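To keep things clear, I will list the structure first and then write my remarks on it.
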Amino acid sequence: MVDAASFKGRDIISMREFNREEIDLILSTATDMISLVDKGSDLLRGKILATLFFEPSTRTRLSFESSMHRLGGSVVGFAQPQTSSVAKGETLADTIKTVESYSDVIAMRHPSEDSSIVAAEAASIPVINGGSGSWEHPTQACLDLHTILTAKGTIDGLTIALVGDLLYGRTVHSLAVALRNYDVKAYFVSPDQLKMRDGVIADVKGKLDYEETSDLNSILPELDILYATRVQKERFKDHADYEKVKDAYLINKAFLEGAKPELRVMHPLPRITEIATDVDGTPHALYFGQVKHGIYTRMALIALVLGAL
Amino acid sequence: MVDAASFKGRDIISMREFNREEIDLILSTATDMISLVDKGSDLLRGKILATLFFEPSTRTRLSFESSMHRLGGSVVGFAQPQTSSVAKGETLADTIKTVESYSDVIAMRHPSEDSSIVAAEAASIPVINGGSGSWEHPTQACLDLHTILTAKGTIDGLTIALVGDLLYGRTVHSLAVALRNYDVKAYFVSPDQLKMRDGVIADVKGKLDYEETSDLNSILPELDILYATRVQKERFKDHADYEKVKDAYLINKAFLEGAKPELRVMHPLPRITEIATDVDGTPHALYFGQVKHGIYTRMALIALVLGAL
Amino acid sequence: MVDAASFKGRDIISMREFNREEIDLILSTATDMISLVDKGSDLLRGKILATLFFEPSTRTRLSFESSMHRLGGSVVGFAQPQTSSVAKGETLADTIKTVESYSDVIAMRHPSEDSSIVAAEAASIPVINGGSGSWEHPTQACLDLHTILTAKGTIDGLTIALVGDLLYGRTVHSLAVALRNYDVKAYFVSPDQLKMRDGVIADVKGKLDYEETSDLNSILPELDILYATRVQKERFKDHADYEKVKDAYLINKAFLEGAKPELRVMHPLPRITEIATDVDGTPHALYFGQVKHGIYTRMALIALVLGAL
């Protein structure tokens, strides 16, 4: 049976590990957390989160730290590898075997795809993957689901487009895998050079109703959720190819006139130019509202793996 | 009517926004905070301060963070922009719209003069300016006033010299503007190349009894407060000009023999050579004692804008 | 008489300052702290630790911060000098005279050998040396002693080898000086180029039963504790010399077959290659278990100097 107790001591490495029942529990726990943000909570008083960020991040690191503080806990950690023993040549496993003596739970971002697996294996305390190379970003997927659920009241039945860099974008990898647990229609919208990573296709095939396309315009009218990501110019060998596709996915107010009024636009942020600021004031814009769901979701995940619920 | 409640939700951007009654409330609130430093306080338990420092700082960042901790609150943030999403090209407004989901109040230092205005406009929570380019540093002005008030029992009636780089020094800009609310005699003492910024002169003219001079020696005997700042060598085109003026403002024990015994020397710190260490042991030295007023003042400001009083 | 109260307000600069009775008190206090790690504690609620790390560190900084949090206290600080006023040319003494207004106790790491002495002299609050150049690392020595005492039930009567870079290694300097208070047999095992620093020899001569050697093989069967450190390749002028000695101290499972079953291997970490990972799973490996004693010991030291016990 899936209940809060079943999460105690568990690592959060990949959305591949969670079934629908488990995701439902995470999301309902996240909803329970909302009222604690304003009231404050002592649920995790005396507990320590270690945030090990081997790659720069404002959003994810601060979101984890804030979530821990909202539950009354404390935080230690580092924001960049130069300040750590990694600079002296220590292995990741050794760093983890050290840090586990300083904390009760670890949140880690690392450029290597297998980093969180290595860390979870080395650690005797729970490890939460805060982004592992291009592979996965499972807490982002949880917050994305919670955002959609809160905005729409349901996830089942929606039509959702993941747009942009689907080859290297870890947020869309985790979200696509998560969506295989729902009865949704998914579009994977990208330039041909940045089609959805093979490993994700393999994991969703037969479980998720998806379609790959490079044409956002023609599917726009169907969409309930447009999840935009940054198309990374530096991935393109031919500059002309880049110029051709980037305009296709430049989302602005005029472009969204072809969408349903209920369409909501999401983005893991930071955005650069892929969503114009003239969208910010429209009812379509959900990307800033999305951020606070990171707090609710991470509060839930930290509390769950610490067995505090 | 100016009372604590009137500060709730307010931004602290510039000393230009505060009248005498408001400053008096800030200073008396700061005095109320003194006893809480030793006793400890739970006033802001459950609240989170975000410290966003886009420029290096020990003093101001640690002062804000310590102030928040003294009131039982928590802190998230970053100490340099390289560790943040700014490095990925995010706008300041977008960063703020994200961080406001992680915190209840923001303290920010940024190299752009209009940064705190931009941030305050983007944020739905209070923003406190912790230094914005060369423009303003209002919390420093508040702590300076509280230092003077505590040391002298009054600010009205004093003769106060602001000395050094008055063109680029944001601390003296904010302090000069603040002093227009008091019945003081002010001297703006600088080399001709570093005279008080025009915008400050415009804002104090007719409200503050001030005099500009490059001659510190002749006014020294009149002074109750000598507020020194660093003359920045790199601003001078002609090295000989720099050599000429820097000695004029080299404050040491011998120089201070020409001053009243009650003269107090202040400095926003860090000092490099502009105050000799032989002043440290004299009754004139107020610059290290000044530091702890930053705690009292920032405790007051954070508590006020959070509506906790 | 040595009791907890006698530590109030004291600096922790060097193991040279502590006699056996004082070390016993530190270690027994550390043991008292063990139960508080899981239970949580409010002993230092409202108190602030400043961690000033002028050199990179994961281990020591996070250990101090975690120790403070375990006792309910708060932390401010910096992890690298670039983010501090030091970059603007401030002296260490001035930095300390500032930071003491922000905190109740300071933990500092600094590349200069006399840094903690300078800081303690400038500060009116306790300063704890978290590593001062090649000179001393006293809190590491305390945690090393506590690790040995816990593992062996006693320190007196043991045979202990300090192995590796004894010239530049601050951890072995502090530990050697600490051991002069015990009835132990010590071996200082190093290549000739990295023999134990003269100042340490001078301070232990006649007080500690020690022997210098470069031959680890022949003493291995006698050892109860093998304390390994990294031999730093870059110290050697002749690469052939380095190649000759580094294998002598490459500790792996096969090498340890010549040791007592009860031998325990310690290391201040991070290790690079000097202990092979095949030792990790053996009963000899004490180096990861050692880490948590840093928490107990630093909790004890912080609480003692703050007079909280």
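We call the chains A, B and C, going by the order they appear; numbering starts again at 1 in every chain.
The criterion applied here is as follows: a residue touches a chain if its C-beta (ideal position, glycine included) is under 8 Å from a C-beta of that chain, and two chains touch if they have at least 3 such contacts.
What you are looking at is a predicted structure, and each value in this text was computed from that prediction instead of being measured.
Peer 1: Specify the contact topology among the chains shown, as one of line, ring, star, complete or other.
Peer 2: Looks like everything touches everything, fully connected.
Peer 1: Between copies chain A and chain C, are the contact residues mostly the same numbers or mostly different, with half as the line?
Peer 2: Different; most numbers are used by only one of chain A and chain C.
Peer 1: Could you give the separation in Å between the centres of chain A and chain C, each centre being the mean of its C-alpha atoms?
Peer 2: Result: the chain centres lie 40 Å from each other.
Peer 1: Out of chain A, which residues touch more than one other chain, so two or more?
Peer 2: Residue numbers touching two or more other chains: none in chain A.
Peer 1: Which stretch or stretches of chain B touch chain A in the complex?
Peer 2: Per the touch definition, chain B meets chain A at residues 45-48, 50, 74, 76-78, 82-90, 94-95, 97-99, 101-103.
Peer 1: Could you please specify the touching residues of chain B with respect to chain C in the complex?
Peer 2: Chain B reaches chain C through residues 39-41, 53, 56-59, 62-63, 65-66, 69-70, 72, 75, 79-80, 269-272, 288, 291-292, 294-295.
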